[in-house]
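Shared chain: subunit A. Partners: subunit B in the first complex, subunit C in the second.
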Partner chain A sequence: MASATRDEWPLALPLAALFIVCFVAPFCVLLALSLHADAQARAFSVAQYAKFFGDTFNLSILWSTLWLAIKATLVCLLFGYPIAWVCSRAPARWQSVLVFVVVLPILTSVVVRTFAWIVILGREGVLNHALRALHVIDQPVPLLFTETGVIAVLAQVQMPLMVLPLFATLSRIDRNLGDASAALGAGAWRTFFRITLPLSTPGLVAGCILVFSACATAFVTQTLIGGARLVYMPLHIYQQAIGANNWPFAAAISVVFTIAVMIVIYALNRVGRTGKAYGDAR
Partner chain B sequence: MATLASPAANVAAPPPRTQSATWDVRSQRIVFGTLTAIAIVFLIAPTIIVLLTSFTATESLRFPPQGYSLRWYKALLDADQMQAAAWNSLVVAVWTTLACVVLGTAGALGIARSASRFARIADVMFMSPLILPALAFGFAALVYIHLLGFHPSIPLLIVGHVIVCVPFVLRTTIAALAQVDPALFDASASLGAGRALTFRRVTLPLIGRGVGAGAFLAFMASFDNVPVSLFLADERTEVLPIHLWQQIDTNLDVRTAAISGVIIIVTILLMVLAERFAGLSRQLAR
Partner chain C sequence: MGSHVSRRQLLAAGAGAGLYAMLPFARAQSKSLVVATFPGTWNEAHRNLLAPYFRKRTGASVTQSIQLATEQIAKLEAAKGGRPPFDVAILDEPQVFDAAKQGLIDEYPAARSPNFKDLFPVYQDKWGPKISLQVIGIGYNPNKIKTPPKSYDDLLNPAYKGRVGLTALNSQLGMAFLAELNRIKGGTETNFDPAFAALRALLPNVGAVAANLGAYATLWQQEQVDIAPYNFNFVQTLKAKGVPVEFVVPDTGLVGWTTSLHLVKNAVEPDLAVQYIDSHLAADMQSEMEKPPYDIIPTNSKVPLAGAITQTVAKTPADLAKIRGFDWTKINPQRTALIERFNREIKL
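Then we have the complex of A and B:
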């Protein structure tokens, strides 16, 4: 008799059907539309892609979007790793409190969080006031509508996506390994870089992938903090689709953007596998 | 015997507490502790600042506010458009959550312990909305429903939300299932319980908290969704995040801070409930 818990995969069929009809099919239609010279033309054409790659403006937007997301991911890593590390070593009571604090921002509406940063970063905002009160600056410095501002806000908004997978991996690492390393004479930092860090690679890569893709596509934060002058891919798609009503071109931009994000995610996965193999080899 | 015992004793002995070793440990604690402290301030400060600003008595968003009052919260009572948008958001989020729980739980049960190829491909497909650009999906959905001859409406918006929110239910439910001993299901079956009875009396109580945490996340994700709503909602079916986004982008006023305050307070209350009934923090850190 087959076990009652096995071969229950037909239960996933309704969701699979929904995904094929409402997720895979729309992307196929999008791809098809991007291969047309205009919305009416029936002939196949790569004109939209030629247009995209023929203009350095489009390429610079693509590049600055990916670069923005990479920088925001690195900031998340710099601060997110220590939180996860402290979390995994904290007593159970404090763990809940810390996770609660980390999760609060991601569950508070992204529009609200971004709005909060406008209050902080504006010309008359909290930060400019504080810096002037401390006589660090005489004139208000522009923080809103700058790339630095966007990176800071993205890092704050997406930090939980880095901390949660890292925390999960770090708390699964056998604590005896660290003790063994110490007993064998390795210092705290050496143990961290040679034992803890390599073993936490799966969580680290998962966190980086989630944060990177969230930052690349963070329409609200990019438009409200970046303003109209800093154009990133999501706004570019939106402007071409809704503003200019140029659907085939918007479709081509969407396809290029999706593929570019997938390439970075693939690369991160490869780095993760190499890192893990490196850790295993030691 | 003595020769065998001595290396073991060496390994078990505490690390030598030399000056450099304690400094090593201490410097690590200082570095990680400082970064964590900065990060926690960085994570919480914006929420607190916007909450305090929303109680201002003046017309400016300056922090700290000059005097406190509830005037902007009272002003919300007359903000008809905002209320309509909030109602739409609530309706969409509730239906999205219900659909996500039913489809997501079934999907998780289907793929969690199946070794079939179908299950692995389905797993990748179900999770991809989390990492692919949601805005590209939003636009693809708009093009798709146009091709099929439909117009943006609440039901279509809900379908779009289900696609991007169901991964949350799947993830927490699969994680909960992974903690359950499969022998329990076999035991239930061998004692004569049918599939439905096993699901109701064994499976559901064991994974309920995982499903609950996923439902909570799906609800919040739907209520907060912009990339899909941006394309699938029009003036009639405007949702709250889009309304707020447009308001902040065009004419920023203090009512935005007040509605933000309402959202923050409701979120914290829901989080406390989710923590109590679904053990949210443990579900998330898996």
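Then we have the complex of A and C:
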């Protein structure tokens, strides 16, 4: 990609200003707050961080949050890739219909969607009733307030974030490459793994980054479907800030969480670059 | 399409609407008051009864901000020194001490509130009038549980494995239940070990711990839980919506706390805020709120107890006075530690 010319950079100024005012500045406040020993913010100290890392309870919450987001991302990828592929190969008229269907979930509020899932996953919910009617089970299986339930809902709620970038890259791939591969004797799977997959890496990585960060921080879905017994970082931060009124600690947890999510995103980006280089080399 | 709007016209109209909304005089014609309210019975009663009453009285409209007392304290603390996010706070007994200590609320200007003197003296708090008493007992689903529970010990019945519900301690319901469980099991306001021992015994039966009260109501609607500690008012409101839920007073009696309205410090519309609070104290307003589906216990001495309240909670004001409370000034300092401990105990 050609780098931005000298005359174009001012176009980024409004966004940069917004970013500085609405993200960088508050983050600095958060960082400063986290470096205080007590709520009155009198003396600088790293006590909050020592408290966080000195307690396996906090570490287990951090780990389970990242692991939850990874699992939800994989589920999204598993279901989202085929959908994106079908969308990219569909005739133009169908494409817009399919994309609309994919985007549909974003058109309702996440709170509404999540409450709808409570109705679906509940003990007396749609799913349990259907499974019982089909004699698959005779006792309702617990889905609400389980991690399986949270993953299923996260995957559905965040699916468009995976499908849209994938769809964009997949539809840009030159179809002649696939034909050429077939003409040279490669099977469908070989073509997929040697041609399609490497070329779609940028979209795949973009989708994974979006879904991962959205799932890790999905406060509404995590708390409504997971309840208070499955504690993930957003609920932990909320409880410390609002329930316990312990702002310095809540700030420290937030900083740790932000950095942890950024590390995963950085790692995904690295994978993306390797994949892209691989794709370019072919 | 016949109508033809150019892009320029559309932009002009949009900019005009934006400007109009920003002009102070455009909004002055109909003033608006931002008030905090609790989820459940409270926001419904305030929206359906109090807001129209207040509008008739002042011509001003009401914007509700639905949140728990703990959330209000956190938000007011964050906005301290600046413009508060709402002008009227609704607090439960424990948070009143915090709010007063942290300088988040003003003393209530009783002289400007004609209905204040009609409250029973115990409810005439200098930090803000008590608007009701909230009581908790046991809620249960009569379709699933044929013999009504008698005591909190019934929650431990192995037959209810996975059927018991709880809420996190950020709600007063959660905190008051824990305090009552503690008292029954021999604890004191400074020693909560018995409560946590009882909680550990109860956990195998617990099917859900709702992270917030809104989700708690959904659990009953979806029949996800069959038996749980619950507020009298919330049960009444859910019942009126056709949800199968009944309220019983456990053999250890009811536990309650007062709920009050407060004028927030540096309020944007302090006069309207006082009028709003005063409207809540009016005898005719409290009689309306006492009717189903809200069944809100009145604090105005001119409003006789009636309806479901007299059947379940109290026949006379003297009965109300006998409802057990807790010394929140002793419990409050441990709140952070209790929440922390509770979260560790319940974590899966």
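Rule of thumb we're sticking to: the second predicted complex is superposed on the first by the 265 of 282 C-alpha atoms of A that agree within 3 Å, B and C clash if a C-alpha of one lies under 4 Å from a C-alpha of the other, contacts with A are read in each partner's own complex, and residues count from 1 in each chain.
In this section, contacts are C-beta pairs under 8 Å (C-beta built on N, C-alpha and C of every residue); 3 or more make two chains touch, one makes a residue touch a chain.
As the structure is a prediction and not an experimental result, all values here were calculated from the model.
Student: In the superposition on subunit A, see if there is space for subunit B and subunit C together, and answer fit or clash.
Tutor: After superposition on subunit A, which the two structures share, subunit B runs into subunit C.
Student: Counting only touches as set out at the top, which of subunit B and subunit C does A:N128 meet: first, second, both, neither?
Tutor: So A:N128 meets neither subunit B nor subunit C here.
Student: Which holds for A:I118: it touches subunit B only (first), subunit C only (second), both, or neither?
Tutor: A:I118 sits against subunit B and subunit C alike.
Student: When the two structures are laid over each other on chain A, which of subunit B and subunit C touches more residues of subunit A?
Tutor: Answer, by number of touched residues of subunit A: B.
Student: Is A:L224 contacted by the first partner subunit B, the second partner subunit C, both or neither?
Tutor: In the superposition, A:L224 contacts both subunit B and subunit C.
Student: Just subunit B (first), just subunit C (second), both, or neither: which does A:S171 touch?
Tutor: Once the two structures are laid over each other on A, A:S171 reaches subunit B alone.
Student: In the overlaid three-chain picture, which partner chain does A:F19 touch, first (subunit B) or second (subunit C), both, or neither?
Tutor: First partner only, subunit B.
Student: Touch test for A:F192: subunit B only (first), subunit C only (second), both, or neither?
Tutor: first
Student: Which holds for A:Q95: it touches subunit B only (first), subunit C only (second), both, or neither?
Tutor: A:Q95 sits against subunit B, while subunit C stays out of touch.
Student: Is A:T258 touching the first partner subunit B, the second partner subunit C, both, or neither of them?
Tutor: A:T258 sits against subunit B, while subunit C stays out of touch.
Student: Scan A:N246 for contacts with subunit B and subunit C and give back first, second, both or neither.
Tutor: Once the two structures are laid over each other on A, A:N246 reaches subunit C alone.
Student: For subunit A, give the residues common to its interface with subunit B and its interface with subunit C.
Tutor: 115, 118-119, 122, 124-125, 223-224, 241-242
Student: Given the complex with subunit A, which residues does subunit B contribute to the contact?
Tutor: 10-16, 20-21, 24-25, 27-28, 31-33, 35-36, 38-40, 42-47, 49-50, 53, 60-63, 103-104, 106-107, 109-111, 113-114, 116, 118-119, 122, 125-126, 128-137, 139-144, 147, 159-160, 162-163, 166, 182, 185-186, 188-189, 195, 198, 217, 220, 223-224, 226-227, 230-231, 240-241, 244-245, 248-249, 252, 256-257, 260, 263-264, 267-268, 270-271, 275, 280-282, 284-286
Student: What residues on subunit C touch subunit A, complex-wise?
Tutor: Those residues of subunit C that touch subunit A are 70-71, 73-74, 77, 162, 166-170, 206-212, 215, 218, 222-224, 335-336, 339-340, 343-344, 346-348.
Student: How about subunit A: which of its residues touch subunit C in the complex?
Tutor: Spelled out, the residues of subunit A in touch with subunit C are 57, 115, 118-119, 122-125, 142, 144-145, 223-224, 226-231, 235, 239, 241-246.
Student: Please output the residues of subunit A touching subunit B within their complex, sorted ascending.
Tutor: Interface residues on subunit A, with respect to subunit B: 3-16, 18-19, 22-27, 29-30, 33, 78-80, 82-83, 85-87, 95-96, 98-105, 107-120, 122, 124-126, 129, 155-156, 159, 164, 167-168, 171, 180, 182-185, 187-189, 192, 209-210, 213, 216-217, 219-220, 223-224, 233-234, 237-238, 241-242, 247, 250-251, 254-255, 257-258, 261-262, 265.
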